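Two complexes, one shared chain (subunit A), two partners (subunit B, subunit C).
Moving on to the complex of A and B:
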């Protein structure tokens, strides 16, 4: 390790911690979210330094990009509700939202004893968490410097997996169960969001010429990138999750530009796109089991093709689900103007 | 080699920082941000420690973290929806503690 690499890693680590602190301590929630997106992008850099380009792609697209979009749209909805409810109490709450410390200080002014107690609580919390951090650091530093983990098993069996990218092999073949359940979690999260009451639509229906033109230029490009990531995932960094999140980014862009699915696509075509990833995955797993193997066991001869099939379906479902999560509430057929984003998925 | 420990320690710092903010702040959006920082710290540590398999690449923690990132975004989306619903129901997205004195 050269001195320059040490300097870079040290600087990156300090910047990550500083950004995290700024994100959490910033009085303005909007600023906090923007800093969080910057934090996610620097995390992607850290993944590259740790020789994990697959995670870097996923972090940049999902961790920074889509999470940031979800947070920003939630903040916009929060503020819209605050502006609409006009009574004094919610106005006070709205102010508190932007200055979270104020609520603490107000309480402190009312009751000095309470404030002292709160300070005591904070100091003891800092003390306890420092002990936790020190204990964790001690545990990490006392680990043996060499730990092959499962790397040898993966390397020795990679030729059986049907792909040459070890991360894809683990995700879709060796540990396919994790990925199967992860698809289920994604679907469950959407069902949870849809089962809540419908939220008011917050998008400007007239996006302006720049966003309109930009989305026309970028969406085809994003579809191309998603297809490339999906295909290249078999042997290089990439795969269904990275491709799906790029697809979701195309959907988010279309939603922001005012594009909505027509009522015709709101019923079963949308649901079909949402569940096809999980459905194909489960079907393949069951067919393999019924034809003499075990659940999720892929025969080496067809493994490559089966992984591509599962990943293609998963990409579509992940993209549509993430874009639907961004849209928020369940699309209502009676509202012609208000519709879903999955256009990205449908076009593909 | 030892740079990985640097990232592992950064991960611990992020986790602790996020845990502190999760407990201290009453606004739910801040708590959701804190949870995301905490998951970032956990992932960083997991992958940093997996580099001890060098020269081989231990793909299992990498795959676990990719799975984790997708689960984290699902949880975040659901948490944000619940926060907005709570805001509709109670008029506030903060958890205000009743002064017990």
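Moving on to the complex of A and C:
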């Protein structure tokens, strides 16, 4: 049995490295994205093998699913922009702009021109990367074989945290800073995207009855799963980020199926949903500090309830933020009212 | 080996066979439409067999229901996605392969 496990793990590790190489080496961007998604799914499997189901869930949902969707929609936009600029300049090669042959040819031309310089650069790069790899290998090899890490401290103090899942205890209580800052980073990323120039809508082809039906069947189920992941996070793998990304998946599905928020939800309700996670987190932290504790210190008596409160708000914010990132530019009412399809679908 | 174990083994091997058949079809079939056909049909049947094989080993009914739910979800997703991929291929003007 152990031999079989070694075999499986070895195959998994080799496949991961091969996929990563293929992703980086592929000149075709679409192929690279598909390989990246496959890489993410296998990575989730690797996390399962390492007994880290929490990370596996996050990797599958965010790393493979949502990042893959974001990359695909970015590629679609890139191609659309390229087609547009090509159309204005000359009418040919509209769709071949990001084709593999193009970049290969350019690289070949560059190689011929500066082959010596290029080679020197490559060899020095290989040398430097080898040095980094050797350093990393040394660091890994010099680790003690059995390091307890902080898991014992966490286990000893788990009763103070208000939850029985050590991962949630660390993320929301012992190391609340990290989660707080992660959510701030997510919000900042969306602000960055929103301050860019608006791009034209990408999904102009009608979604068709099958996608419509699929979204109608799956969205309620996704909402249920998000709620489940949020609730179960207190004692088993799950939590705000996983639940939020499932919520975002529902949003992405609705967006693909042509649903849009009605104008009346685009103002403060959307902004409210975007910031409520961070707002609740910061308010709880400040209230605790003002009532005599430290920033982000949760009193054991209410810790469980407070964590659930923070995570609920965080789930909503993470879900809406990720779906909004997928939508891309800031939604505008006039554009919405023009293509309004159904009776004002909520975006999550 | 008990009777249940035997049937589980049989079902898992049959499931793996259909997965292999689907993968061979994906690699060997001539165009996108026939590849989709191989992938979705054979893999769904393979997954169904694997699910039934695993359900025989389940400790409780809840697990059985969860396994069946997984199968139904994959059926729904793969059927819809196969349709969407084929539709977009057709809209792009990819002609089905003919001998």
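To be clear about the criterion, the second predicted complex is superposed on the first by the 307 of 348 C-alpha atoms of A that agree within 3 Å, B and C clash if a C-alpha of one lies under 4 Å from a C-alpha of the other, contacts with A are read in each partner's own complex, and residues count from 1 in each chain.
Here, a contact is a pair of C-beta atoms (placed from the backbone, for glycine too) under 8 Å apart; a residue touches a chain by one contact, two chains touch by 3 or more.
Nothing here was measured: the structure is a model prediction, and the numbers come from that model.
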item	value
Contacts of A:20 with subunit B and subunit C, given as first, second, both or neither	first
First (subunit B), second (subunit C), both or neither touched by A:157	neither
Which superposed partner A:115 touches (first subunit B, second subunit C, both, neither)	neither
Subunit C versus subunit B, contacts on subunit A by residue	B
Touched partner set for A:214, first subunit B, second subunit C, both or neither	second
Contact set on subunit A toward subunit B in their complex	1, 5-6, 9-10, 13, 16-17, 20-21, 23-25, 29, 32-33, 36, 39-40, 43, 46-47, 49-52, 54-55, 58-59, 62-63, 66-67, 70-71, 74-75, 77-78, 81, 85, 89-90, 93, 96-97, 100, 103, 107, 111, 113-114, 117, 122, 125-126, 129-130, 132-133, 136-137, 140-141, 143-152, 154-155, 166-167, 169-171, 174-175, 178-179, 182, 185-186, 188-190, 192-193, 196-197, 199, 239, 241, 318, 322, 325-326, 328
Footprint of subunit A on subunit B - complex, ascending	1-10, 12-21, 23-27, 29-30, 32-34, 36-37, 40, 43-45, 47-53, 56-67, 69-78, 80-85, 87-88, 91-94, 96, 99, 101
Residues of subunit A defined as touching subunit C within the complex	205, 208, 210-211, 213-214, 217-218, 221
Residues of subunit C defined as touching subunit A within the complex	73, 76-77, 80, 83-84, 87, 91
